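Down below are the structures I want you to see.
Shared between the two complexes below is subunit A, which has subunit B as its partner in the first and subunit C in the second.
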Partner chain A sequence: MVGIGTAAPVLPGPARARPAGRVGHGVALVGKALLPFVVLVGLWQASALALGLSNYLYPRPALVLRTFGVLVQHGVLLSYTETSMWRWFVGVAAGAGLAVPVALVLTFYRPVARMMFPLINFFTAIVELAWIPLFVLWFGYGFKVIVLSIAYVTFFPVLANTMTGITQIPRTSIHAARTLGANRWQMALHVLLPGSLPGTVTGVRTGAGYGFRSLIGAEMIAAQSGLGYMIFESRANQLTQRTIAGMITIGVLWLVIDRLYLRSIEKATVQRWGMQRRAPR
Partner chain B sequence: MKVPAWRRLLRPGAVPVALVLLGWLALPYFDHIPQYKLPHLAQVGSDLWGLARSGALWAALGDSMGRLGTAFVLGAAAGVLVGLAVTLSRSLNDFLMPVIAFFNAIAGIAWIPMAIVWFGFGSGPVIFVIANNVFFIVLYNTLLGAESIPAIMYDAVRVLGGYRRLTMVREVLVPGAMVGVLSGLRTGLAFAWRALVAVEMIAASNGLGYLSIQASRVFDGATVVSVILVIGAVWVVMDRVLLRPIERVTVRRWGMVGQTDF
Partner chain C sequence: MRPLLSGDAVGMSAGGGRIEIRGVHHEYMRQGDKVPQVALAAVDLDVAPGEFVCLLGSSGCGKSTLLMIVAGLFRPTSGEVLLDGAAVTGPSRDRGVVFQEYALLPWKTVRSNIALGPRLAGASRRDANRIAEEYLELVGMPQVGDKYPHELSGGMRQRAAVARTLAAKPKVLLMDEPFAAVDAQTRSVLQEELIGIWARTQQTVVFVTHSVEEAALLADRVVVMSSAPGRVKEIFAVELPHDERFEPEMAPEVAGVAAKLLTTVRTSRPVRNKGSEQWSA
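Let's turn to the complex of A and B:
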């Protein structure tokens, strides 16, 4: 007999929410999350020994760890991380800061919006990194090129999501404000901006993610400093252990930014102003 | 009602485009901007024509598209397989997911230096990095699709006698996860295209990205702008021919809500 209750449900999905519990549970969770990485590093070391490749082709974990120490000691890692993060922050802020007012204007003047869409679509279609050769011709290597390409790639998702956010504001709120005599300015400030915030924040999170990738790419092409420059130049200098150390830094950095900051900001915004979550990816 | 092509040019959307083009045309009469920084429209036109005539454009386009296709197929196939495997085994899932999350955080592009070390300059690193990119997107979307299958579906198949694991995979998991897989393919292709141009600039010796960065090095602004226009045009075509149809199918078949779009 095929019992519904007896067959263990092996299939349904991953990542079930576990009940929050005692302190010991938390420790177990951390251990469970760390275990795969311990195994991974073990496999890395074992495969390095087994393959016997040079440190250039396949740097050993111990060497990478020591390199971390050296890079931190010399202050290189910190200063490059700082440089990169500053570029990223300025780029995302500029892109998002420009996109929100544009979204408001396009919302207020629908005919203008309809006229602009084909042009906006075309510029969206051009990958931001494709602009880099032209930006390099304009500004030479460095800060401006990188910030510009990050701002470019942040702009479009913030614009699209803010506009979507505005369209999802309940009509009653808008009617209520209008009934109470709100002018355009008040409408924008008190209804549209806060109402569109969940959309904007989702857009910023998406854009910040694109921007982070763009940062690394742009730094490889057009910079003399920063994490992207470090991982690329280290390869040219046969110091691939620094490349790996840089890659790990990049991964951890993004996890920290995304999990600790962006996600919690998004969650808080959605709880405060939002009706529901939209477009998770 | 079908609108003839020439009538569409009279739509309001054409106005800003026309203004941009007119401004560009008028530029030589006002500017003091050197040609290499912002080449004139006519210059770009003749450059584009030259590239097309000499075959350089088609060669670059062919190289780029070939890499894109290869990398996309490799990455997507691996993504779907790993996605299904992780769904099938809870312990595999618990073990692999943190690792996958970490590697996903290392942006695909950050692999470029190591890919160059392993494969040398050329198609190798480009395919590796883009397949890497596509893999994670397709994987996560496959998981999302599998997660969205209501538990009742499994129960239903079980009641009807399908208690073998293979039956579950064939009857429930694969068709149920298909929405996720398809949206993953769509997003994956978009990301692959974004990455392609960048990786080609850094790690290739031909293709569109290389053409553009090389032109920039010799201050050939006309070719740089030509490549930008080609990149935009190729994306528009891919979007119309490949992505929109996929989206339409998923929406019609599974009632999925489309991605935010203008």
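Let's turn to the complex of A and C:
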């Protein structure tokens, strides 16, 4: 009895306290992150009351919430969200999937790289929205145009960041692989691709963000479905509350995607290998 | 190509390993310089198969540059290096290098790092991993294969780096101040282990160091280099048997060799400009 009595406060005490503390910590963090949103909705409600405008010009939070309910109930929101997410995913995958091999080729063939940089810069400057009229002309309305414009804006940051990532690989890593007998493609597989991953991950996060905005823009112009379409068409049909519901959906989706997927890529690779670079969060 | 899996994977090297350095001269341009810096001037040196040679000198004497030229990672301005009569034209797994900064690939586990040499030479993943386990055993840490390099201490990382280089079955082992970054106690353990491994594999070793004690402990012959430009100043044969040098009773004899080396290293420093010193005094 005495033994247990003296041992108990020393050992299980802190061990039991820690998980509870961590959960509490998490709740506090979420609470802190939610606070600005709550304040924003409060300001929205207050300003709507003060201005006294019609729901067409300035829909109130309660109406938007009810609209959410209707959209969810009829499956419209889910269907549009699925459509948009699929387009976005294919576009980002295509853009990044093309950018990484191009980065390798440009690394291996330096003279080609020097020749190509001005051209790459030239196209980086041309916003993808400017391409959409041409894309529509060539491919018609719909999937292809939207995916193409997402891939276009994803390509450049992934290319640039992967190339930067490759140049930041320690020389000794490259030397070590060469003295172990690596040929060019073995070097790419074992050293350059994994070694540049901090850069590639940063590039994909940036590119996915660009692509997400591009998705909405392209859907406004060149689609008959998706969240961008809903936002644009609802205004024309005097359903402003649907426009706002769409905007909120986009924002929430991005928060979820960034936290659940993009950061977990980083955790699974760069952080696990102890080569993490503190990216601005 | 030598078979990777013939008999005992950890054991004597396949023989050979004669290094001939013929009139190696190396110049490089620093940014903003008009005249090239001479790193090495007319260096001639022969290393016999199975011999342990230390390149000793103060920083800037070109000893690491010379090692990198033997590795094939630097190309000399003129002169050549022969390995068993064949000219060195680039890096190859004939000449394994252990770098000062470990140079383990952070994105591979310790096991995968050590398995890299056999993998690059075409061994299956299973065979390569088996070889890696044998070499982990050889360097006395069979339990860390699943860890990533950043999870190991400096001394363990350097053991893993030695194991990785050995697992590629090089004819010669080139070591660039491999123990300079670890603490003194770990260093002396690693030195003794290295001599133990060398006694088993009977590989040619070229070992760069700035420590006279290290050279006295390890080398068959010590090549003292002078700086500006780097050249071979004097070559000492260390007569003490290797297995006696780590015995505490022999410390005075080893210290004696070190003292003799130190005298030579000291007088090989570049002569300072006396005039400017007097001017400023």
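Heads up, the rule we're going with is that the second predicted complex is superposed on the first by the 229 of 281 C-alpha atoms of A that agree within 3 Å, B and C clash if a C-alpha of one lies under 4 Å from a C-alpha of the other, contacts with A are read in each partner's own complex, and residues count from 1 in each chain.
Criterion: a contact is a pair of C-beta atoms (placed from the backbone, for glycine too) under 8 Å apart; a residue touches a chain by one contact, two chains touch by 3 or more.
Just so you know, these numbers come straight off a predicted model, no measurement behind them.
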Exercise for the section: Identify the partner contact of A:36: answer first if only subunit B is touched, second if only subunit C is, both if each is, neither if none is. Expected result: first
Handout entry: First, second, both or neither for A:50, with subunit B first and subunit C second
Key = neither
Fill in the blank from the handout: Winner on subunit A touched-residue count between subunit B and subunit C: chain B
Exercise for the section: Quick one: classify A:221 as touching subunit B (first), subunit C (second), both or neither. Expected result: first
Exercise for the section: Kindly classify A:258 by the partners it touches after superposition: subunit B alone (first), subunit C alone (second), both, or neither? Expected result: first
Exercise for the section: Name the contact category of A:269: first (subunit B only), second (subunit C only), both, or neither. Expected result: second
Fill in the blank from the handout: subunit A residues contacting subunit B in one complex and subunit C in the other none
Exercise for the section: Within their complex, state which residues of subunit C touch subunit A. Expected result: 71-73, 90-93, 95-97, 99, 101-108, 116-117, 119-121, 148-151, 164-165, 168
Practice task
Going by the contact rule at the top, pick out the subunit A residues touching subunit B in the complex.
Solution key: 2, 4, 7, 9-15, 32-33, 35-37, 39-40, 56-57, 111, 114-134, 136-138, 160-161, 164, 210, 212-213, 216-217, 220-221, 228, 231-232, 234-235, 240, 243-244, 246-248, 250-252, 254-255, 258, 278-279, 281
Handout entry: subunit C-touching residues of subunit A, taken from the complex the two chains share
Key = 170, 172-173, 175-183, 186, 190-191, 194-195, 197, 269, 272-275
Problem - Contact set on subunit B toward subunit A in their complex - result: 12-17, 20, 36-37, 86-90, 93-99, 101-103, 105-114, 116-118, 140-141, 143, 146-147, 149, 151, 154-155, 158-159, 161, 163, 165, 168, 172-173, 187, 193-195, 197-198, 201-202, 209, 212-213, 215-216, 219, 221, 224-225, 227-228, 231-233, 235-236, 239, 259-262
